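For reference, the structures are reproduced in the following blocks.
Paired with subunit B in one complex and with subunit C in the other, subunit A is shared by the two complexes that follow.
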Partner chain A sequence: MTLPQNQSPAEFEYYVNATSIEEACRALGDGVGTILAGGSDLWVQKDEGVKIFGPRLINISRVDELAEISIGNDHVRLGARVTMTDILNHGELGNIAPGLLEAANRFASPQIRNVATVGGNFANASPAADSVIPLICLDAEIELARLDGNAVAIRSIPSADFFTGPGKTVRTDDELITAISFKPRDGKSLARFFKSGPRPALEISIVSLGIAADILDGKLSNVRIALGAVAPIPFRARKTEALIEGQKIDDKLIHAALECLVSEISPIGDVRGSKWYRQHLARTYLQEALTDVA
Partner chain B sequence: MNKIIEKEEIVGARIAKLDAPEKVTGRTRYINDMVLPRMLYAKIFRTDRVHAKILKIDVSKAEALPGVHAVITAADTPDGKIGVIKDNPPLKGDKVRCIRDELAAIAADTEEICDAALRLVEVEYEDLEPVFTCEDALKPGAPVIDEERPDNIAMGQNFSHGDISEGEKASDHIVEGAYNVHYVTHCNMGTSCCIADISASGKVTLYSQSQYPYIMKMDLAPALDIHPGDLRIVQPPVGGAFGSKLDVYPNEPICILLAKKTRRPVKLTYSREEEFIVSPTRQPVEFKIRAGMTSDGIFTFREVDSFLNNGGYTSWGATTPYVTMRTCTSHYVVPHVSYSARAVYTNNPFAGSFRGYGNVQATWCVEIHVDKMAEVANLDPIEIRLRNANEPNSITPQGSDLGCIDLVGCINIAAEKSGFLEKWKTNRATWDDGERYKRGIGIATSLHNAGGAKIHKSDGCGTILTMDDYARVTVMTGASDIGQGSDTVIAQIVAQELGVPIRDITIINNDTALGPWDVGVHASRTTYIAGNSAKRAAIDARGQLLSAAEKQSNVTADLLDLRGGYVVQADNGEVVIEIAKLLRQIHFAGEDSTLVMATDYYEPPTEPEDKDHMGDMSAAYSHAAHVAEIVVDTLTGEIRIEKIWSVQDVGKIINLNGLEGQIEGGIAMGIGFGLHENMQIEEGIVKNPSFRDYHLVTAPEMPPIDMTFIETDDHEGPEGAKGIAELPTIVIAPAIGNAFFNATGVWIDHPPLTPEKVARAIWERDNPNLAAE
Partner chain C sequence: MSLKVEIAFKLNGRSVAREILTSTSSLQVLNRDFDLAGAKLACGEGECGACTIMVDGVSRNACLMAGVDLDGRDVETVEGLWEGNGLDPLQEAFVNSGAVQCGFCTPGMVMQAKYLLKPGKKLSRDEVIRGLEGNVCRCTGYHKIIDAVVAASGEAS
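Showing the complex of A and B:
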């Protein structure tokens, strides 16, 4: 291990202060630009020498289209530049996506929440990214934009397919994340988010767990369980989901679900927690979510 | 009739710290903010090995980089070493002993050029077998860390009093325990920084964060091959020190040597990561304790053996047994005691002094053990402590006169205010109720020096006090204020004697060329020692003023008083003359002209310990009791502190604001130590050198603190005050540890009580056959 040896100050050659999606995509066109949103990952990683800037730094903080939250009847769309504070301050989102609200609430500290964007949280692709977990539970889709000839072309990727490794996604170098969108669940539903840490602020998840499901007659359906920091990418616990799907929630099922979850995840041990503790926390959170339903 | 002025009590009041307005408005110019004309920046090349022979250091490419002004290695530096037993060469030329070792240093136009030059330094090593634990380092044939000490023992202390075998005979129960106290570090908000500036005639000015500027001159000089008298230490405002700046570390001589080589001022600042890896830690200790008692819970003997992981070099960490020893032998009345400590070289980072100075470690060990003994004796934690409490004016096994202490008062008030016993009983009844969340309450107490600590031949402090023509007072004190608020306390004491407003007092304490000598800020000593010196100088100046006033009026000095900027008649407060006017009259009085000036050097009535560790090294002692009430999540292992009760013998309150600030800050630090902070060192390497993974307590987790101050009115302390700064950090962690047992029936012997450790301990109790892997 060596001490930090900072890069020289001349990390990028051009700075683009984009004001529209098109302008940002144009600047990204040759795939050698670095996007700057809130900077709460980017600057830290630059200082640590983990991230090296491309020759063009593209600031998207002035792209107003990216800051919109729109709520339709069966469609919710969060612009990529929506911050955690925006989520917390939005009057309706909390009812529609309580898990997301809880994740934003447990996210970093007020200072960081003011700048940290949901697009940045996805693009950075940390296995511990908090806002990603409840959004995966909502089957969210990631909208990616790029310049195709002279027009902006958009594609949509299911969140569960978006991540490919720590810091890696299916996004190509010329693509901008423009929004995260999801269908709100209607009827009675379960949406919880759990995150480790005795500190109410500034805690990187040792483990996080999100669960969403429709509730009918004590049974859960359309179950989604996602975990952070137990695998190289945000993890969908599909076996456990299947085990719970359509079943009556009782002690026996809870017990089986916890066993299944622990066998399904294989976290690493590191400075933040051992493998045992990560499994133990995952089990604890699922137990709490299911016990509260039963 | 003349104006009447009432007497104002400045001592004991709630006074904002004098530096508060500057600090809260962001105007304070810390050393990190300073820039001198023509200044260069420096950085240190550090090894990435833990134990290796250095075969070759090639700095030629770094030297050739444009913008680099000098590169130095051991080859360019004097042979003198630094550290408590002079075992640390500022730049290492022969071998590397721990991860942070300094091999070369660069001075350049900018920090960025330094960084680029660092990447060009080339080193060839031959790795040596490393050793990381005391146990391994003491094995025959273990790798030798310091060739001058082939047994790997850096320092050792032994003390005994009475006869342990007698104590064993008198015992109905003997309780054994082992407690390992972990690595934590100071986390000063201002990272380490110094600026060296050398005059054409070769005199060195070092802008430094030092807590002991006067002795520092003596410690630095050999490493520079200069006369200590040619060193001047200037201390701009310090962004925290907490004991970490009580020694010379390699950055300071290196910075001076670079300034010497380049003939320009040089500034050397640590990054945060460097601060974590390089600055000293609290001394980790492995304790083994055996202690006996009668069936009534009266202590009969206590035997403590301890090992200190010394790391690669020796700083003050190895001397913490001098304080640890007192707690192990003298906290509570124990007729037969023995204590031993060995500081053992390893290839780990090394420790320095840190608020509490060995007593954080000792109090964890003794206080958790006392609760374990209470369980065996079937007593509650209050009763066992009261039965064994030290009495006022008793003499400890080491020969210290405890003076006007009030341990019994501390315990009783803490128990009463917190409703301890009832909660304690209720909580125990819930151990097996299957509930996820458990409440616990715990108490701990501690004994600490509160009137200096004579570890050098003098434990004194000097003061020079002058008054100008406007009755503004300048107090030059040897005592450094590293943020603890001693400037304000000194100003209060002086303002009280001289009857001038506190804002008319300027404290100068940041330059060894101006101030008279002082040992340094440590051992909770500044209010006591510097306060006494300032008080005596102020009394002298007061006498000069009053006798001048006597000559001007027809009232004798003993009937006069100084209040609100005036000389007044003591009985009715009637103004005699404005002090400023009086000062001008005596200043411009022809041949009799004079100024009011006073000097003082206060030496406390204490003695250094002899070779057998006998001696009364502090002029006062004090206790505190803390009660913590917690809630444990038995599944996640998270502990939330609901409330803390703190009761402390403070002698006499001088500044209520400062006192509360010290208690709160000390408790925050103590909670961090007890619950969260943990330098994870694996094979000599610090794994979590950032605030992301090294968790300090943040504001939202700070519980409400109910504070009670006992005023025992120390006969020697200034205005009756005792030193108060370290106790709050010392006592809280074992109170939390004991509360954890009260909540769960499970002991955790080794701090910190991190969520994982707690969850695992409970899981292992509940699943004895399924031990967590």
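Showing the complex of A and C:
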């Protein structure tokens, strides 16, 4: 691996091996921390020298309270340190959030699924982040903790409002992502996730699409459509959602929805796929999801 | 100047301790500080699996693991499969199936296969293919590698 010219790998001047949320927040207090969880993206970025890292390395991989999955009647809470493998092995989550299970299943490789965390996927804020897409479709909320005086204060941010740009979020430098939570949909619902890449494993999505909706009498309601890698941040296709909302799914509606989706997204063309190809993939995935309902 | 931190962990069954730089990866620690050359640096970004090791019973890419995170862990590398009595049955299966060509990917393949094997469970070819999807063989000797892992699966221990 070569480093870009005039760049060097990040060096750390302090190390904190946190064992509680409070300890991690305390270490983050002055805003010069770099949070280490699974490390699957962090260590690559560090060696590439493309990002500025805070000089205090804060390891949260021994904060047990961040690794819990709790499932209540109307509330699911994934600790920030829950891994893709944890999601796949959970047993109940697959029924509650099939789109999330599919995203975890298509995520990177077994070795990376074993360590990559859901909190890290949000924190890293890649426009192509896989687990983010189905969680946006579930109206998930991101819990952020910071130290306020001597107490830990928590605020919640809707996942669709969390991202502000590639690698950028509303999280402030003194905040720690502690959990991702969502309400499971009841009754009959649609939850799908699609992604594309030339190889099944270890592929950064050329385009990903997630859709969630309640199904009643062939009509979809509470429709959520989110796409990865078509915009600088994970993208909610709100116009297409509104067009489908409450309507009978038939060929005419599907055609209109696909036209609307293509007009609503403006993906870049790059080495992984042209703009036309990304639009084509987005269209194809939505078509498949809606045709299966009709 | 990067900070040095003292870490202590279990490496192939032995308790070890070292002072390491916080900026180093687990792979660098194993390769340089412990002279273990089994886990290999190839892509350095988790794409190839040549550095696969087992940490607390779970496979991961040593190149993506912070060296400081080794502290307190139970770490097994390919060197740990050798217990002085000869090769591990999984390594025997690699030899018998002709699954080693240039050999560079082999330690990573073996460690990931070790993670896949569950006592008494015979793996299908599809399960092995899926389980090894994070490991790349540049000689493209995949068929024989898959043969080896399928053959080694299903043993009692």
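Basically, the second predicted complex is superposed on the first by the 282 of 294 C-alpha atoms of A that agree within 3 Å, B and C clash if a C-alpha of one lies under 4 Å from a C-alpha of the other, contacts with A are read in each partner's own complex, and residues count from 1 in each chain.
Rule of thumb we're sticking to: a residue touches a chain if its C-beta (ideal position, glycine included) is under 8 Å from a C-beta of that chain, and two chains touch if they have at least 3 such contacts.
As the structure is a prediction and not an experimental result, all values here were calculated from the model.
Answer with first, second, both or neither: which of subunit B and subunit C does A:V32 touch in the superposed model?
neither
Can A:W276 be said to touch subunit B (first), subunit C (second), both, or neither?
first
Once the shared chain is lined up, is A:A108 touching subunit B (first), subunit C (second), both, or neither of them?
second
Per the contact definition in the header, classify A:S61: touching subunit B only (first), subunit C only (second), both, or neither.
Touch status of A:S61: second partner only.
Thinking of the overlay built on chain A, is A:L202 touched by subunit B (first), by subunit C (second), by both, or by neither?
In the superposition, A:L202 touches subunit B and subunit C alike.
After lining up the shared chain so the two structures overlap, which partner does A:Y15 touch, if you call subunit B first and subunit C second: first, second, both or neither?
It touches subunit C, and subunit B stays clear.
Figure out whether A:W43 sits in contact with subunit B (first) or subunit C (second), or with both, or with neither.
In the superposed model, A:W43 contacts subunit C only, not subunit B.
Per the contact definition in the header, classify A:I96: touching subunit B only (first), subunit C only (second), both, or neither.
The answer is neither, since A:I96 touches no partner chain.
Using the superposition on chain A described above, determine whether A:T284 touches subunit B (first), subunit C (second), both, or neither.
first
Which residues would you name on subunit A as touching subunit B in one complex and subunit C in the other?
Common interface on subunit A, subunit B vs subunit C: 1, 9, 109, 200-202.
Which bits of subunit A are touching subunit B when the two form their complex?
Per the touch definition, subunit A meets subunit B at residues 1-6, 8-9, 109, 196-204, 206, 271-277, 280-281, 284, 287.
Please output the residues of subunit A touching subunit C within their complex, sorted ascending.
1, 9-15, 17, 36, 38-40, 42-44, 46-47, 57, 59, 61-62, 85, 108-112, 114-115, 200-202
Going by the contact rule at the top, pick out the subunit C residues touching subunit A in the complex.
Checking each residue of subunit C against subunit A gives 1-3, 5, 22-23, 25, 43-47, 49, 52, 58-61, 63-66, 68-69, 71-72, 112, 115, 131, 133-135.
Give the list of subunit B residues in touch with subunit A in this complex.
Those residues of subunit B that touch subunit A are 46, 48, 99, 111-112, 115-116, 118-119, 271, 273-274, 277, 635-636, 638-640, 675-676, 680, 685-688, 691-693, 695, 698, 700-701, 755-756, 759-760, 763, 772-773.
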